[in-house]
Every structure is written in structure tokens, then in C-alpha cells.
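In what follows, structures are represented as C-alpha cells.
What follows is chain A paired twice: with chain B in the first complex and chain C in the second.
Moving on, here comes the complex of A and B:
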């Protein structure tokens, strides 16, 4: 123990399998290590308080007369835990039966159907008939916040939501009102929840009691495809799962990453992404033909662009890049800019109000409302407040959606104006070529977050028309110019990044996995790499 | 305040100690409110812990606890209004709706049921001409049914505000009401 810290361990047996865990580990977590998931409602790994009130995780411990809640029971040496003994299963069945006394069983119209822990555990208890003769109590529903509805009848009063607000968000605004069979979740009369992280109460709800209003009746769990991704809302880069249905994003949920966002994400991020569905997209390449832009195919467009570049030659110019572009896009783009000998690269980041979650210091809604501003800085781009409106007669490359507010004549004087974007703002009409690229949701790639953590995101949607990832388009132009190979898979694009930008040295696509990895040297050293 | 009370028993009083009436202004800006808050705080390690006696005080004074009262209490004790709301709604002895001057709770649980508790309840409702939970037209009475009041040896038990009346029969209901009206019912 060179660092002087000695972690004591204990060895216990869970359902006949030995498991060694650090001292102080709870049995419910020790069981997970050997693949035993003890049914639970009130326990949530991200919520510090454990009231052991749902009585669902009761397990039998040999030599002890009564069942014990495994969420608070500390693992001890030599402990023999039985999670599926007759006694434990009988107790669990009794809890389920109790919870179903007033539960409306409205699964056919419930948004949580298919992703509901009550459904899951009731299903395995295999109880065919209800013994209840009394009519069910009906409580109705309520609005908890401007976008969260509460279905009181479905609620099993696990208090995860109450404890998230109180113990994680430190905003004691959600409470259990009344008591016993009358209890329900409520805010103060006349006040709604107003916390930038309140959306997480919907995620922690084990049943369909809390739902986002904009998701109600939109998609069944089994109709959605889930894709691992990274939230592009700000520079924190929360790990998320994008749920899609019929090539539309229907919702975004946080994905656990202890190094970044724990189990949570902010509401801004959640709502922000649904906007990706909207707006008119650039779908086909367009090249200049006299006064007009003419739609064409990729082969024509690429060779036309390469020919134009050869005509303007190695002439210095300027470039404007959006911080929404992936690291791979940037890597290939810098190869293109080097060919053009463009050194002046600017980017602009929109900023907004910040918000933080007290118990997870790293998780903040940060002022930089873009996922890859740090990546751009690593490449040496310069952060500016306003894009320069006058363009000298030299080549100009614009990549990403940042011309929405640009003046009408933006880029008109450029000797060669190349625009790669997902949309078609007014100013893009001045371009010599418009190459349609895809959004982060439509491709694989990586972003570098605020502290230099490189994180992977994956393709959740099919791109519109014949739009393609930026790195793929750029590699084809470079290949046409004879300075590189065509890159058509993300691993090769990532390799290109690792080879060409020193900060990314030593990383590999497979190596960083779904949880990401810091750029070379970690946070502190990387700060020194960024020219201030 | 009607009676001087020692700080050590604030909030533990079995009977009402505040005169019924409205607060003239914010609760803890009034002399009475400020005094009761100060005294209650002397008994507890932190402000939050004084919540129950303070709510009792508000109810003694007004007969029930309004949402605006909860907000004031929350501010005084440095907790959220929502937390106060959860406490008020958890305990059935805090009234969340206005009640008459005399809140009459009639037990109809087993012992009282066997001793005509239900008839006693009916009589009270008839005599006061109300339905359960309503305030009688003269503002004097509210009658509700209660679960076991823990005095089964003396069924039927009726709780009037904070006091128990034992062995109540349908026959003496109207006497009780008359005495309460006259304000002469012995303690």
C-alpha cells in the first residue's frame, strides 16, 4: 500500500456465488457485481439517501431471523445472502400485491409501459389474480412543473423524485403530501417546480407517475431505438441516450458517467436537442454555375471543388468554424486549411445562463453552449465575439451552422467561398459551393468537453438527402487533391485525428470506449497546449 | 395572550392557549407571534424542529392553517413552504380547511360503534344542520367522523377541539351543543 491507504475488503456469498467487495458496500451493490439484480424501487445509486421504505429489496441472510433490506444492509465477511429464497420471494410478492391494490394497471396508455419496474417485477412474481374486492381509489393527475405531469394513481410513493430534489438538487420543493393510502407527490400549492435539473425526476421515476408533457403519448418504449451519444447543449458534454422513432428524436435521457454527469443532465440539454428535428436542411451538394447555384451529385461537386481550389492555389485566406463540429471534422478540415495555407481560423460560441447541480460539482450547464469549443481551441482556432463581416478577396471556408445572422453580403468578395453546413442560411447563397454535411446525431464521432475529455457519440438518425459526415466529404476533397486517402469509416477518421493533432496522441476509437478518455496529459497540461 | 405560559411547555399544551381570532398583520410581526416563536425556539436544537409547535400556535389562533400561513412559517423557520405543506398535510390534527369555533370529532370505531357512535354522529350532524366538514350557519360547529381516539373504555368518545367528552349518547348531544354555544361547557 504505497499511498498509505488500505482498503479493507469483505467476502460474502450471494446466491451461492462468492464476491469480494470493499468494506461498507451495501449488499444490493455487492449482488450487482455477480449479476444479481435485487428488485428495488426506492433505492437509486445516484441518490444518497436510502430510506429502505419500499421493502422490495428484502433478502434473506442465513442465521438471521428476519429479512433485511439489501439497500442499507452492509456486506460482512462470511455473510450468506439469499435473494431468491422462498421467504424473500414471498415477501416481494406481498409488496407487489400491496402496490397493485390501487395501481390502475393502465399500462396500455402509460408512457412507461415497457420500461416500468412495477411491470417488470409484477411480471416475474407470476400472480395471476388480484385478491382485492374493493374498488380502486382514484386520485387523478396534477401538474408538477410547466412540462412535467404527475399521475397520482400510478405512483408507488418510492420518493425517489422527492429525494432527488432534496438531496441531489438541494431544492426542497417537492414533497409527499398527506399520508398512508392518501399520500401523493406535490409541490407547494400554487407553485410549480422551477429547477434547471428537474427533468431528472422523470428519469428516476420507476413507474409512469412522472412524465414529460412533451413526450406523453408520443412513443412506446418498444418503438424507440436508443443510441449512445453526447449532449451538444453545452461544453460539459453530458453522456446521453438519444431515443428515436421513425427517424425523429423523441427524447434524450442521461447516461451514467461518473467522470462527467453522474446519472443526471440539465433540462436545457433535454429540450435543446429536440430542436434538431426542425428546420430546412441542406440535402444535396450545390456548385456555382454563373449567377446560380446548381444542385449536383457528390462526384461532380467534389471534383469541381478540388479544381477550384487548385485554381486559387495556395493562397492565404480565412476560415470560420462552428464549435458543433466533431474532432474528426476538425482534423480533416485542418488538413484542407493547411493545403490552402489558411491560418486565420475563427469561431464563435453562443453563451447563456449557467446552472449547477450542488451535489455533482462537475455537472453544470456551462456558459459555452457548444460541445466542442475546447476541441477547436486545441486545434488553434481563435475565439471571437463577432464574425468579421468584411471578406477580403481571398479564399473563405465556412464549416457549420453559424451564418443564420450573418449579413446578406457575407463572403461575397471571397475569391473562393466553400460552405459546409447542415442548413441553408441566406448568406450561404454567396458560396461557390455548398456541401451538405450532417449533424452530430446523424454520424459517429467525438467531441472534446470543457476539461479535455474526448467522448464518442454514435449515429442515431439517417441523414436527409445525400448529406454526409463532414470528415468524409473533406477526405474526398483531399483525396481528389492528391494529399490523402478517402476515409469512409469513423475509426480511420479518428486515426487521422490522432496522427495529426498532438493533443490526441495515444488515444484510439476503441480505447476511449463509451465513457470517453482525457486528451494527452489530462486537463492541466492540455490547458498549456491551448494558446491563450 | 390569554394566559402566561412558561417556555418549557410551549407547544406541549393540551388546551388552547391563544385566543381565537385573526392575526393583525404578518404572524411573526405581531407581539404574540414573535413571543411564541422565540419561546418555541428555546426548546429545540434548530429552527426546523420547532415547526410542529409553531403550526399548533397558528391553528390555536385561527382554527386552521392557510397556505399563506405556511409561507410565513416557512420563512420564519428557514425551511421551504413545500416542506411545511408536507407536514401540515401529514398530521390530521392540523386543519387544512376552515372549521367552526368548535371542531367536533366523533369516534365511530369498534367500541364507539357498539355504543351508538354512528347515531351520535348523525345526531350531531342533524342538530347542527351540517354535512361532515361543513361549518354550521352560525359559525359555531364543524362535525367530522374520527378514527379511534384511544379512549375505548368510555365509548362513545367525542373530541371537541382539544378536549374529550366521554360516554356521549345520542340523547345528550343537544345539551352538549347548547353548553358549547353558551360557552359554559365545563372543562
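Moving on, here comes the complex of A and C:
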């Protein structure tokens, strides 16, 4: 793995395959490079400490008398590692047998079933029957924080959760209480588990011992569909996987991205996203008919909006945009605003308390509670504290959900008030046309995070009613006005973005992949582009 | 050649109905003499069913009347025709149970996979086939109705010879 840096490498053989890795790499990681997954419980790539206590990753090294735990063993030049030799497999089988002595085998009602490492490796080691005659000990369950349940019987004391709290979150709230077969995970006496990143202990748990209370008994692993996405909770843009079932978000898990969130995400993000299931949504386009809004179909609505805009003409107006909108939405919207010659574009970001994870400097719950404020700044929108309440008699475009707290008469005086949103707040009733758009979970697109990293998210849910992605709706209005083509796939929308906004130059939908890419070469350069 | 009809002459023995009529009468007489081969007086007289007949479902219950189902979701997963609807929930003791459990008997193909897969031996098929309803909705059996069924449950295999040897 030569990456141009002056780093010594070593070459070892894992199961007969040569692999060259940087010096200091553990054997378990070297084995992964040649596609060999050594069974493991206590080892987690995101947790720095490796106590080698589960004894599951034992491998045979030629020339050494005993088996070695591959998670702590450093790769050396000329080392010959056998991960699947008879001795190693016997040792693993013995470990599994011990782990299953008191494991309740309640897989049918366990929320981890199907995604459980104990299940996986028990199958691999073919441990079908127990030789234990004694009854299993029953420990019951406990609540170790206000939203996490601990099923002590299922626990295999890998201590991943304890070490995540101690070594990653730098919070000594969790301990292993008691010793031997009586051990269990508990909070330190007198301490409470109350950390903004504590939800990650559920993700690191290799079995079903730690479960979120709002997920318990909700869905089986095989019932859920997983979609790669980006958390919209704050401007960090943590990479996540959205698990959906029956068109509802049931769970969120962090997705590894070493450039952003490593293996983790905050609790605010988890809860925030699951909340997006709720609320009454805008489902059909509505256009003004006298003093009423009338529901209609897309074709009528779009040609009506285009006609109204032609009547209003190129009049200087204003626009208010939500920082929840994707880059593609913004790109198409700016084309429309340019047509209308609107230059005053405002956006408002709700802010909240910040929280940080000490060992991952970039991962923070940031004060800006929106995913694309930076994208809006790139486009040249102006950040305001409060939306201006009086509207001059000129065109007004509102995109996104930011009218919840707007005064009742918001936009009353506008000569043409176009509202594109996912919900129907009171103030939207003053609009001349309401075009229902979808949330980030219901479409494909990209967000630009706090440091200018463009990251893709994918459609996880079906949109309500006949709501459509904002970029699709806007491109149809533009086509109706005769200034563009109809765009109906996200790649073309992204191409539109790249073509029209210089900061995004050189990016491509396939090129940014699932891990994202920085705009215009990175953070520093971007800062210069943004008029502050 | 238009207008020509081909006339086939069959042998007398085949063309006559006498032979077939005699054959039919022979069967009638045989059944008349054999009491085992008579029309069954169905609603009054019923078939004796094998214990392995797979019919209407039945849910096993605990002594206190609760369904034995733990809501694990294996039966809706294994069901080849998706006729089982299950929504699990947590009861006041923190145990998993089926908040909604419905089987559409109309859609069911009575394969018996649900009984086979059940980890707590709660859902069974039954030795019962007489289902008639005035509406399709009535064919969707909810948990209460499944628990109320009283017919024998199906033996999917012979207990003395589980591997069918």
C-alpha cells in the first residue's frame, strides 16, 4: 500500500496469500485486506483499545508455540498466519461453547437476530448442541440510561460499550460489574449514563444486549430496507444508514466515513430523523382560485404557475429558502430566481446546543441544525436571524419548511407568492400556489456539509401523495417558461448543479460516490469563495 | 376438392352403445352390492381425517388464556403467500407479544410452514376444513378467533418417527 508517504511496510502471508501492510498494522486488519474476516467480538476498528479479551480472534502463527489474538498481534515481515487451521478453529469453537453456556438463545424475540455476531460465528463454528447440563443462569434486564435497555443474559462481556464510553467518548460512565460468570455491564456507582453520543454503544454491541428503547421489538432485521443517506440533523453531515419498514423510518445507524464521522453519530441525529415520520404533509399541488386554494394535478399547477410568473414578469422580488434543501434543489431554484431576477435570498438556520466526541475532532453536533446551510452560502444566500415579516408587493418564493413560526399574514402583500414545501403551515395559506416537494429521505440528492464536503443521499421512502423532488418540480416550471429541459433523474440535476455553480465544478455524481467529495479542492479554498 | 365428405364406417361392436351401457350397469351393480362404496351422507356423516391433515389454523394458549405467540415474526417471514400479518409489541412485563396477529385463511395454502417454524409451538394448523363465510373479511382470523378454535391440531410428522424413516 504505497501512498507516497515514507512509511515502512511489512509483508506477511495470511492463509497462503501475501499481503503488504504498513508497519504497526494488526494481523486482524491485514487479514481483512485479503478478504479473511477473523471472527471477533471485542475488537472494533473505531475503538482504540484492544484488550484481546474475547479470545475469539485467535490465529495460528507458524513458528510460535501458542495461538495469538490477531487483534493485538502486530504484523511482522515474513509472518505466516493461519486463521483457519485446526488448532485455531478448535479454540474458537471452545470460546463459542463457553459464550453459549449462559446465553438464553432467545433469538426469536431478540432485536439483534439476523444482525448478531454471536449467531454468525456460532453458525460458522457449527456449534449446534450444548454439553452443559446445569440450568442457565437468568439475570434479567435493566435500563442503563433513559433510552437504552440492557439485556444482561444476552451480554457476552466484550466490553465494547465500556471502552467506547471510556476511550472514545472519554466518559467513564460504564463499567463491568462483578467478576466471572456474574459479570454484567452497569453504570459506575453514583454516575448516570447521560452522554450525547451514548447511542453508539447500541451499534457497537455485537449481540442484542444493548437495545434502544424506541426500537425494542419494532422490526426484525430482515424486514428492514437499508438505504445510504446523510443525517440532516446538523451541518456535520454524518453518513448514516436509514432502516425503513413499511415506508417508515425505524432506525438510523452511522455509516463509516473516515473523513466525517468515523464510525459514530450523535443521539440528537438519531432521534431527529426518526421524528421525520410524523406530521401532516403537503400531498397535492394547490393553486389559487379566487380567495381559495384548489387542489389540482401537476400539469395544471405547473402551467398555471408559469403563466402567473410570466404575468408578474422580471420584477425584483425576494426569496426565503430552507437549509434543508439539497444542492440540486438550490441549483434549479437559482435558475428560476435568475429568471425572476430575484437577488435578495434569505435563509434562517435554527440553532441548538453543541456536543463533541473528544476522540473524533470533526464529529460534533454543530449549532447549525440544518444539513445544507453551507451549500446555501455557496449559492450566495444571506443568513438572517429572523425572517422579515412585511412583504413588499413583489414576487416571493419560499422553498422548504421554515414558515412554522411565521406570522399569520406572511406573504399577504406579495404580487406572486410561490411556496414549495413538504408541510402546510398556516402562513402557506397566503400563497398563490403550493407545490408539494419531498424530504431528503424521499429523494436522491446531495448536501454540502460544514466544510464544503458534497455528500450523496438516496431515496429511502416513497413520497406522500403526488409530492415530487424539488428539483424535478422546478425544472418543469423552467421548461414551461422555455428556459431549460425537463429534468427527471438526479444525475441530470447534479449535472445542472455542476454546470451552473462554479464551486461544484469538476464533481460528478458517480465520482463523489457514497463517501462524498469536497467542493473545489477542499475546505480552505471554499472559504474564500464564500462572501462572508 | 370442395364438397366431398369422407364417410368413415366403424365396426358394429364399437358403434353400438350396448357394450358401454352394460359396462356402466356392471359398476352400478357392484356398488349396490358393496356397502363400502356408497354415497356418503356428508353433513351427517363425515370423513375420518388423518391426524396430518392441514386445515384451519389454531393458536395455542397459556393456562391464563394468553396466546403463546411471542411475536417473533418468523411465520410471516416464512409464509409463501404472505397471509400472516403480525405487529409485535411490548407488554407491561416487558415481554414481547403479538399486538396484532391475523391470518387470512382465504389466501392461505395450508403448507404448514408457520407451524413448523414457530419456536414456541404457538401457531398450528388444525384437523378442520369446514370454513364457509358470507364475506371475505370474515376469513381473516384475528388472534382472539384463532385462540378460540377447538379442533385438533395437525401432526406435521409422526412423533414416534420424526425423520419419516
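Note that the second predicted complex is superposed on the first by the 524 of 532 C-alpha atoms of A that agree within 3 Å, B and C clash if a C-alpha of one lies under 4 Å from a C-alpha of the other, contacts with A are read in each partner's own complex, and residues count from 1 in each chain.
The definition used in the following text is that a contact is a pair of C-beta atoms (placed from the backbone, for glycine too) under 8 Å apart; a residue touches a chain by one contact, two chains touch by 3 or more.
Source: prediction; values computed, not measured.
Look at A:172: by the touch rule set out above, it reaches chain B but stays clear of chain C.
Contact with chain C, but none with chain B, is seen for A:108 once the two complexes are overlaid on the shared chain. By the document's definition of touching, neither partner reaches A:306: not chain B, not chain C. By the touch criterion defined above, A:186 lies against chain B but remains apart from chain C after alignment on the C-alpha atoms of chain A. Set against each other, chain B and chain C touch different numbers of residues in chain A, with B touching more. Judged by the touch definition given at the top, the superposed model places A:216 against chain C, while chain B stays out of reach.
When the two structures are aligned on the shared chain, A:141 is found in touch with chain C, with no touch to chain B.
Interface residues of chain C, counted against chain A in their complex, comprise 70-74, 77, 88-90, 94, 96, 119-120. Within the complex, the chain B residues that touch chain A are 67, 70-71, 79-83, 85-86, 89-90. Residues of chain A touching chain B in their complex: 172-179, 186-191.
On the chain A side of its complex with chain C, the touching residues are 108-109, 141, 216-218, 220, 222-223.
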